[in-house]
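Same chain, two partners: subunit A is paired with subunit B first, then with subunit C.
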Partner chain A sequence: MALDEYKPQSGGAELDGERKSFDYVGTRPERPDGLDKVTGRAKFGADAHAPGMLFGAVVRSPHAHARILRIDTSKAEALDGVKAIVTRADFATGLTGEFANVLENVMAGEKALYDGHAVAAVAATSALAARDAVKLIEVEYEVLPHVTDVDAAMAPDAPVINDSYADASVPEGFNANVVRYHESGHGDVEAGFAEADMVFEDTFKTEATHQGYIEPHACLGSLGNDGKGELWCCTQGHWYAQKYCAALLGLETSQLRVTASEIGGGFGGKTTVFIEPVALALSRKANRPVKLVMSRSEVLRATGPTSSASMDIKIGFKTDGTITAAEGTFRLQGGAFPGAPMEFSAMCAFACYDLKNVRQVGYDVVANRPKQAAYRAPGAPMAAFAVESVIDMACNKMGLDPIEVRLKNAARDGSKASYGPRFDQIGMVATLEAAKAHPHYAAPLEPGQGRGVASGFWFNHGGETSVSLALSEDGTAQVSVGTPDIGGSRASMALMAAEVLGIPYENIRVTIADTATLGYNDVSHGSRVTYASGLATIKAARAAVEKLCQRAAAKWGIPEDAVKWENGCAVPSGPNAGDFDPMPLADITATMGQTGGPISGHFEATPEGAGVSFGTHIVDAEVDPETGATKIVRYTVVQDAGKAVHPTYVEGQYQGGAAQGIGWALNEEYIYGEDGRLQNTVFLDYRIPVASDLPMIDAVIVEVPNPGHPFGVRGVGETGIVPPLAAIANAVSNAAGVRLKSLPMSPPKILEALEAGGDA
Partner chain B sequence: MTRKTHVTATVNGDTVEYLCDPRETLLDVLRDRLNLTGAKEGCGTGDCGACSVTLDGRLVCSCLVLGVEAEGKQIETVEGLSDGDILHPLQQKFIEHAALQCGVCTPGVLVAAKSLLEKNPDPTETEVRYWLAGNLCRCTGYDKIIRAVMDTAADLREAS
Partner chain C sequence: MPKVQVHLWSALRRHTDGKDVVEVEASTTGEMLRALEQAYPGLAAPIEAGVSVAIDGRIYATSLTEPVAPEQEIYLMQRLKGG
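What follows is the complex of A and B.
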């Protein structure tokens, strides 16, 4: 979720309080696209071909910070098979705001701002010819001083990335690399700390990690000189791609039709554009379709990792564990452009707790690294790492149970959130109670093992949504949604439509519509799909049901409001109850052409009732003091889903979030050399968890209905990555007997901490 | 232009012929010349396993094999897993267990898992985890993948 799209969710009164049970929602049917995905038939980004297609490749800066003095394309142009070369001159001019930032990131202008920044691109008749041509493009650079660390970038004498970035929020006296500032909270923290029996204070750091989707970015673009284009790409949001590509190429938005391919993972990293505008620019120049696919090292060097962070946390406690005040400072480095989600860090940091006095401050810092992109609950995991570590340190010191302390301070229905609004009906306490009752929490530990507990919060999101549902003559239904299906959302849409229509799940086909087929849809992000596209699907189905009832009423010659919908049939009700046999959906649709025409339902809105989400994780870790290696021996996720539409896929989200958190906590990091170049640009060196690294991950679904959704659904995708960094750090610290304050907790760092000593 | 090489191989039981540049990988050939796009390129360096196929029965990353090396060889890809419209038990179990979310690693995982069960019909959880350690999945945390493979193995043992 991009910063400018965040809206505090207002709760709302959508929940169908009459409903006592579900026929379809909550069941676990096979996903509609399962067959395609196990047979190799599903078409992902790189699987498209077009007649006359060319292959693109991108020239990237080997320098972290350099002025581009000259680009000589003459040798490349002379190479057999080369059809087009583009540089910044081939894109729109005069853009402002985020359009300008995205263009600058897609293709460098005057300066290369990070190792891997695109400076030119070529299209040729084969991928090999394109790759050869890249090597023949000569770029002359004037290398400039660079900075990649967040704290170093804030230093007074640090090289400045761009002296026009900083906005009016930044207090005086900071280096120009501090580009935005945030402050929030309530109460009087100084008075709160004065009330405390003990105050704990520490500093924490996390490195940038990559979303690590297995499918590299890939697209196929076709753009003519008439300004009309087609784009196929793997994206979390094809309307976003349409809007940004059109702006960057100077097109009318509606003239570019974008189709989302199947998407091989995104986790936030495919919520923006990188190669898509480049493929279109090459296509316009060559007058042929152009396919552009990133290599893994391009993905790691040039697409959005998350922010790195440096954080100070101070929390005051009474001896019984009551928190009297909490304060946090969050410095996030988001690459060479403004936008590090430091507000989200600040706002989520203490949101699990009902605090009288709380204050949080954020700094958005730029450095010579790739432009950060959203990564699953952007900003929240690192903040939770710092805050939940301090709570664990306090529990250890005061001899208190970590779940009891959290229960004592937990945010409840009606609590004033640390970031401002009052919570509606929430599940923080429910997750803690379920964690406390779980056998994992009482299980004995082996020698060398430690247990960690942590909670986490994420806002969840609504966003612009359009859904269209059309009934067919044979009584089946097709649902068109605009949110790419990243992890089984077709199944949840079909379940929700089946629930309303009362026809079998199997009779509903859900399609991800292209940009020409449906109104605008916000990106698949912010855990919004099952909530917002689900709500829209339910309302579209209800609109169709209303028409079905009207047709039945007309046939029976009774008033429209005397017909209700039950179990897939129109049924006379009220004074007419029992006068006619129930009329099944298929009987009505069979003749709909003669009774008033096709029956469809659609819904367009920006729902704002995405219920917030909480989770609590329990982790057992074993640390080898000889090597510093850590093994996760047991892992339990407890999270509130509101209502789990397809529980198996909800479990999958919890397990996936935990696994990514394990990677972030233990292994994954962006390693920059002295020269500012990324040193680990392949999966061998940027090591995400593999099957043999992990245990089974127990997923416990808690259901506290969200008042903002007809069936009580809350988004579940992101919260699962918020507690793991902290829960694992707490487990590792308790196993090692020393406190780990910097991620990843790689073997050298653990050995260093053991050497330094101290308390856990 | 580099001179291309003529290659004859068998893919999923069918004889195929192609011309390929000596620099092209078997994965490039499968995807771009034979239109078998089931195998995916996730890394191009043999680290992710999304391009897993078997070459004369041996599990390989097709991004680490050159197209010209396939001369006279038997190649099996995800497209050859099912028997006509009857899914391989692994394919069916992956759907039942929701052992995939985005599905991009799935073709490689399935090919690798089939290769495991042919060698070891009764693997322990640890053996499955180590065998599949070369197949990266970023979505699932592997839990449901491991369960699907173990469940398939149990069913196949019962059936045999």
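What follows is the complex of A and C.
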């Protein structure tokens, strides 16, 4: 549905219902950061430099689970160039909740909880001296039994990571490694299964994968004994970094100023802190700035991958494809700390469908692995893999078309979501219809190829947001936002500001402000930036326009409400307002100092109308039965964007989700040895897709406007990673003729499945 | 004070005598959460851990000031976050 066909419905408080078309939004101008990035002018985390800067390095546990008996730093301290060494004793005490968990992850206390867990850190005058000093720090461990697999960690006799983690939600009788429990749904699933003509039931597993951002974590911290500090870091949320670093170091939040660098990818993995508090602690001790840059090995061993998962799915169908009941159990391992996103697995699993009877259960399980971090739509991709695989199995068995079955059961406007509430205006059916109509869906397959279809859902998010827009005397504008640009948001903000102000996109510069120069901002996560910072930018621009109209009214000597804003000019609102020539923005700002002062607009709020998002993917895969190698030969993404502000960036988000999904589905996995150590700690062994692994990924933008945004925008950053695991698994299974139930579908697993036989 | 019906996720039933829909007096989301904690002390921990509220299908991730009314469909949900 195009925006001009849309009529606001209940809950559409924000949507600009009178708007029929856009001048700037929906165009594809050049990226504002493009030149800086291709010429090397952009400053990433590791590019930060300060006079007198020291270099940090971290001592990491070689054991998956070990009690720390003694740390002897004397030899390292004696090394030339070493200026400071910190251990857990150099951080705040008495923290609780997530602050305590993050501190424990940043620097181990009594126990090392996973291979790669930080236990001490050094600052020295050179990176080489720091690395040499790390080797001189002696740590005496008592090695403890460990567990890294999610199902093994739930076993009654599994080694317990921490017997105080479990909260009151966990039913009695579970190992203490089960730390949280979720259950939701509605209807009577047993009655629904009794109504079914056929019931399909199976178990699925996915391995942990890393977000795989190109830029390793890097920061430069400077903290004096007076408690005042500066931090430059690559992060998705510098206010979050400010808050957590201040807490972990016992500082007043406002005394720490944090600046976000350009960011080389995040995908959720940079929504927390790892080395930032360590750099500040070293700096406080050495009284000099300290730079810390992770190696790729450190990134893989010690920063958050996604959870691994083990899942049971049961779905009942009538012979025409109608789902009578659905049930899922989702066991997610989130590393050595509570927080695996099992509730999102559960809530998203069946959200694409309008079900009378549905029940979903989730278990948050801890194990001796790094603390999981968010990864695009955390928890949803693995759930979709399991659910959409069972739907595909049912379609194959019953001889039904997979898109028609999804259409028959699809969630629609007003459907009761599997997680409870009724949906507002949604685009699930629109994505399915667009997928069905796409030439890809009707294209013939070659021998040895199979086609897979899958749909996916993600909530999207709003969050605390502040934006400031300032006009310059020459009629250009500066927009300050607080959400690091991880997906093209500077271009989107400029387009939305241009739309309101009526001045060219090129006349607007968008800057990511630091924590000292703008109000609080939530992290760039939850697909929230284009939605929330965009909404705030529009409202800040509208506030500036109101002032522009006031200045014009004063000059013309007419009431303020007799002036309106059109095409970048103040104009009389009607014939009765007077006969005046349009007054361009630049004419007003040229004299703004003499007509009342600088003109700017601000907006601070927590927008709460993010609007959920759906997508449907079509994949063709080819399997070599002799080697088990898989090639993705064609890929089409269809997703609802609400309104695509900069379509090229939106298509990039869709393609990026598909590319990461191809890696997750086919190659990527954390491989632990019997000793609990991570075996594949470099990209040579942890294989993310490269260009030659990928086909051209066709991106189809569906636009079902979000009633919660003035221009109808929905976030697009996460939904694109939800369907790929399932769509690829369905394609590979249909190509191989056997069902693949465990990710990644590496060649050995495919050969094993072919040998075992069975149905797709 | 008007009475609103609040739908809970199933795992919370253990704290509400087996009920997954409960009624409390409230005119805002904040008042509603406080009333839930007072009526069912077992809900205090999950509410403290973070909840979102869906009102007539729109999800309010953190707001304590959103008006609630008896005729609305209100769901308590676990706090949303993302990547």
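The definition used in the following text is that the second predicted complex is superposed on the first by the 743 of 760 C-alpha atoms of A that agree within 3 Å, B and C clash if a C-alpha of one lies under 4 Å from a C-alpha of the other, contacts with A are read in each partner's own complex, and residues count from 1 in each chain.
Quick note on the criterion: a contact is a pair of C-beta atoms (placed from the backbone, for glycine too) under 8 Å apart; a residue touches a chain by one contact, two chains touch by 3 or more.
Here the structure is a predicted model, which is why all the values come from computation and not from measurement.
Once chain A of one complex is fitted onto chain A of the other, the partner contacts of A:31 are limited to subunit B, with no touch recorded for subunit C.
Of the two partner chains placed around the shared chain by superposition, neither subunit B nor subunit C is touched by A:56.
In the superposed model, A:696 lies in contact with subunit B only, and not with subunit C. In the superposition on chain A, no contact is made by A:381 with either subunit B or subunit C. Of the two partners subunit B and subunit C, it is B that touches the larger number of subunit A residues. Once the two complexes are overlaid on the shared chain, A:267 sits against subunit B and subunit C alike.
Once the two complexes are laid over each other on the shared chain, residue contacts for A:321 go to neither subunit B nor subunit C. Shared-chain residue A:658: touches subunit B; no touch with subunit C. Contact with subunit B, but none with subunit C, is seen for A:214 once the two complexes are overlaid on the shared chain. Once the two complexes are overlaid on the shared chain, A:744 sits clear of subunit B and of subunit C alike.
The contact surfaces that subunit B and subunit C form on subunit A in the two complexes overlap at residues 211, 267.
Contact residues of subunit B toward subunit A in the complex are 1-2, 21, 23-24, 28, 31-32, 35-45, 47-48, 50, 77-79, 81-82, 87, 91-92, 94-98, 100-107, 110, 125-126, 128-130, 132-147.
The touching residues of subunit A, when paired with subunit B in their complex, are 28, 30-31, 33-44, 46-47, 49, 80, 126-128, 211-216, 262-267, 293, 295-296, 486-488, 648-649, 651-653, 655-656, 658-660, 682-684, 688-694, 696-697, 699.
Residue ranges of subunit A in contact with subunit C, taken from their complex: 10-11, 167-169, 181-185, 211, 267-269, 271, 341, 343, 347, 359, 373-378, 419-424, 458-464, 525-528, 606, 608-610, 612, 708, 717-718.
On the subunit C side of its complex with subunit A, the touching residues are 7, 9-11, 42, 45-46, 49, 54, 56-63, 66, 73, 75, 77-78, 80-83.
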